[in-house]
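Presented sequentially are two complexes of chain A, the first with chain B as partner and the second with chain C.
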Partner chain A sequence: MANIAAQRIKREFKEVVKSEEVAKCAIKVELLNDNYTELKGEIAGPPDTPYEGGNFVLEIRVPETYPFNPPKVRFITKIWHPNISSVTGAICLDILKDQWAAAMTLRTVLLSLQALLSAAEPDDPQDAVVARQYKENLEMFQLTARHWTSMYAGGPNVNTDCDSKIKRLVDMGVDDHQALVALSSYNWDIERATEQLFS
Partner chain B sequence: MASSANEDVKGSTGDEGHNSETKDEEKKDDSIFECNICLDTARDAVVSLCGHLFCWPCLHQWLETRPNRQVCPVCKAAISKEKVVPLYGRGSTKQEDPREKVPPRPAGQRTEPEPGTSFPGFGFGDNSFHMSFGIGAFPFGFFTSTFNFGDPRPAAAAHGTHQHMEEQFLSKIFLWLAILFLTWLLMA
Partner chain C sequence: MNTNTPSTSQTADITNKNSLNNITEMNNMDNNMKEINSCHEENDNKSESEQEGACASPPLTCSSMDESWVNAPEFVPKNTIIRPRSYAEALSPEAIAEKNANRKLCPYVNKDGICRNLTDCTYLHGEMCDMCERLILHPFNEEQRKKHRQECLKQHEKNMELSFAIARSKEKTCGVCFEVIMEKANGEQRFGILPNCNHCFCLSCIRKWRQARQFENKIIRACPECRVTSDFVCPSMYWVDTKEDKEKLIDDYKKALSRKDCKYFKKGQGKCPFGNKCFYLHAFPDGSKCDVGPPLRQRRPRNVDNDIDVLQEFLNNLEDSYNSHMTMPPSPQLRQELEERYYRPPPENSNISN
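Moving on, here comes the complex of A and B:
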């Protein structure tokens, strides 16, 4: 039965390559090995979101029991989103868990993830810090998510204020990702971020 | 093969050569019979009440994977083993017996068509109605076919053939039956 997984990915792969979303550069799938168990996905940040203009890379692992069980997907590109871990890239999305259905495909998974970027569900969070910020200070969340997009996903919106704060922490000997995480977690309050980093 | 209307609907992107395009379309014609799980042409096909097509082995494995949440893999409607309908295409009997494969496909359910409603106004049931009709009509049917010696029947078999002799024999029997019937009528 393991063969059905490879057979299906083969077929799906053709489907994604031919799909109109690929033509519009919205989604992309690449094979990483010959036995169709590891793939690399890519989704474009949806318009009118802090992720616009960014390109997000995903790790896709196809279990032997696919399609009866969902593929294991996580973000490789670092992202600031309530339902995605800012540390591991793990995703909290029902269709990748108990709401999976065997007729879903790589294409529908990628499109669902794109939809998740447009519509976060902060009440079912994967990253509690991000979710709290999203609920308490939406504007701050959007600014932060946009800055993460520019740093890691090639997004166009560089915030110079954020950049200079990161630089100040880097000058103190902090790794730039650590600096970003600390500042993001404390609403870009550099004193509190410094305090947390050096305590 | 595909009609022009179909081609319009399918509207391929047009980068490929013409040959590969036609091949593609043939494939798409098949794709309505593709299993929604393995994406291959459905074998031992079953259809759910919501109308979605699967191979029985594929659907069975899906139902086994989530025994507590039995939903259609396509539309997530509630489904169960008992409520899927097997599809028997012409020539499907040539395939190996699906029961030899594990698991067996559920059998089709066949309900007899509902009997036509009787005429309640006549005051008697179906049975007596048929009976009286039978007695009334049958003998006279014999009459018409047996005593029409004058009419040349269109498909009469040629004299001397085996079929002709058989017909002669049969009409004689009918003649005797008719005579017997007539005498019975006169006696009664």
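Moving on, here comes the complex of A and C:
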């Protein structure tokens, strides 16, 4: 069985490498071990989204029963998105769960994830805090997502205001990420973030 | 003079044959066909000996003399050929035709109809069929000729069909394992045809997908590519392109199943949950068929969820049991593999379309 999985990944790997998305630097797959069970994926943040310009790394684990079961995928790069856990990188996407189909491939999965970045589903959230912000204050969500992209995915849009707020919290003795999470969770309200961090 | 020798003997040969033809014609005209078989053979023998004579004996004189010699049909004594006819033969020349038609072809020919000993053989030899290029057509039996031509044509059409089927199947890859199906291991080179869409899978992959219990019924009964639901998978040795071919394949498949006894119905001793939607045969031991009514689920609307599970269970089993209907019978190897892989202790069976 493992044989089918490996054989298929081998074929898919060739397909992805040759695909036009790779040529456009939109997706990328790399092998991490020889038996084709662990791979590293990369997707570019789609244009006209807060993720534009960022590069998001994914962990892909291929189960022995692949392709009859979906690959296990999570974000390694930290990301602010209603359907992706800001803590673990776990993804809530139907095709990676109960809507999987055996004809889907690594390529279609990565493209689906890219589509997910363009079109969030806040009513089926993985991260409730992000989803609430998305629904209540879309502008704030976009600003936050953009800032996460610049901090973790190499995005170009650095928000100096956000940076200075993070720096103030870091000066109080927390690390970058803790500061960013606290500020993001409280709509960049530095007082409430401080309260949460030190209470 | 020596250089002329071959041509002279050739001429002799040809003219000799002409003279024979003349004789036959004459016979026909006279309606004197009595014992034509033996005459024919005698003539054959004679012509050979004459030929031999012509070849062996050095040309004594000029070629004009030779010609005058061979051009002499009168030399063949008539009474050796023309024998008295019986009354019955005189009345019905058809009888002779029939007799000729019933003559057996030489039994010593090889598969191409070529006789090992053509020159000496006194049997009747076949004429060449331009389809199979074998000397197989009976020279006098029109019925045999016609029959053979029909068979030949049929075989030819069959071969053509097969070669088209192979050509269109050769490059097809399975949408699940991505392998070229015709290049898979022995016994795995089978297609699983979904009735409601045209996506291509190998039988083992699509069956495995349809058994994936971790997903909802709706998901696994849908095509992995387009998600169109199909109620069953039809095994096939070759890919089918056209609607007509596909309909025929599925029709043949259902027909083949409908001749096999349903393992749930058990010739009347059991109950089939698929009712009259079952593809298999519901018949009593005496052969009389039985209408078992609609499927179980419709009769017990209360416990719907549970029934769906039961149905799914059956469905999964039924998919497993599509063992034998294909354009070609499975090899013993394949059969064994199918048994090992797909048969489970609960019965093989049946099938539903709901």
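Everything below uses one rule, namely that the second predicted complex is superposed on the first by the 199 of 199 C-alpha atoms of A that agree within 3 Å, B and C clash if a C-alpha of one lies under 4 Å from a C-alpha of the other, contacts with A are read in each partner's own complex, and residues count from 1 in each chain.
Criterion: a residue touches a chain if its C-beta (ideal position, glycine included) is under 8 Å from a C-beta of that chain, and two chains touch if they have at least 3 such contacts.
Just so you know, these numbers come straight off a predicted model, no measurement behind them.
> Sharing chain A, do chain B and chain C clash or fit in the superposition?
In the arrangement built by aligning on chain A, the partners chain C and chain B clash.
> Per the contact definition in the header, classify A:Asn137: touching chain B only (first), chain C only (second), both, or neither.
In the superposition, A:Asn137 contacts neither chain B nor chain C.
> So, A:Arg11: does it touch chain B (first), chain C (second), both, or neither?
After superposition on chain A, A:Arg11 lies in contact with both partners, chain B and chain C.
> Under the stated touch criterion, which partner chain does A:Ala101 make contact with: chain B (first), chain C (second), both, or neither?
In the superposition, A:Ala101 contacts both chain B and chain C.
> Under the stated touch criterion, which partner chain does A:Thr88 make contact with: chain B (first), chain C (second), both, or neither?
In the superposition, A:Thr88 contacts neither chain B nor chain C.
> According to the stated criteria, A:Ser164 is in contact with first (chain B), second (chain C), both, or neither; which is it?
After superposing on A, A:Ser164 lies clear of both chain B and chain C.
> Once the complexes are superposed, what residues of chain A are shared between the chain B interface and the chain C interface?
In the superposed arrangement, which is not itself an observed complex, chain A uses residues 4, 7-8, 11-12, 67-69, 98, 101-104 for both chain B and chain C.
> Applying the document's contact rule, which stretches of chain A touch chain B when the two form their complex?
For this pair, the touching residues of chain A are 1, 4, 7-8, 11-12, 18, 23, 65, 67-69, 98, 101-104.
> Provide the residue numbers of chain B that touch chain A in the complex, in ascending order.
Residue positions touching the partner: 13, 36-40, 52, 58, 61-62, 65, 69, 71-74, 76.
> Would you pull the chain A residues touching chain C in the complex into a rising list?
Residues 4, 7-8, 11-12, 67-69, 98-104 of chain A touch chain C in their complex.
> Considering the complex alone, what residue numbers of chain C touch chain A?
175-179, 199, 205, 208-209, 212, 214-216, 219, 222-225, 227
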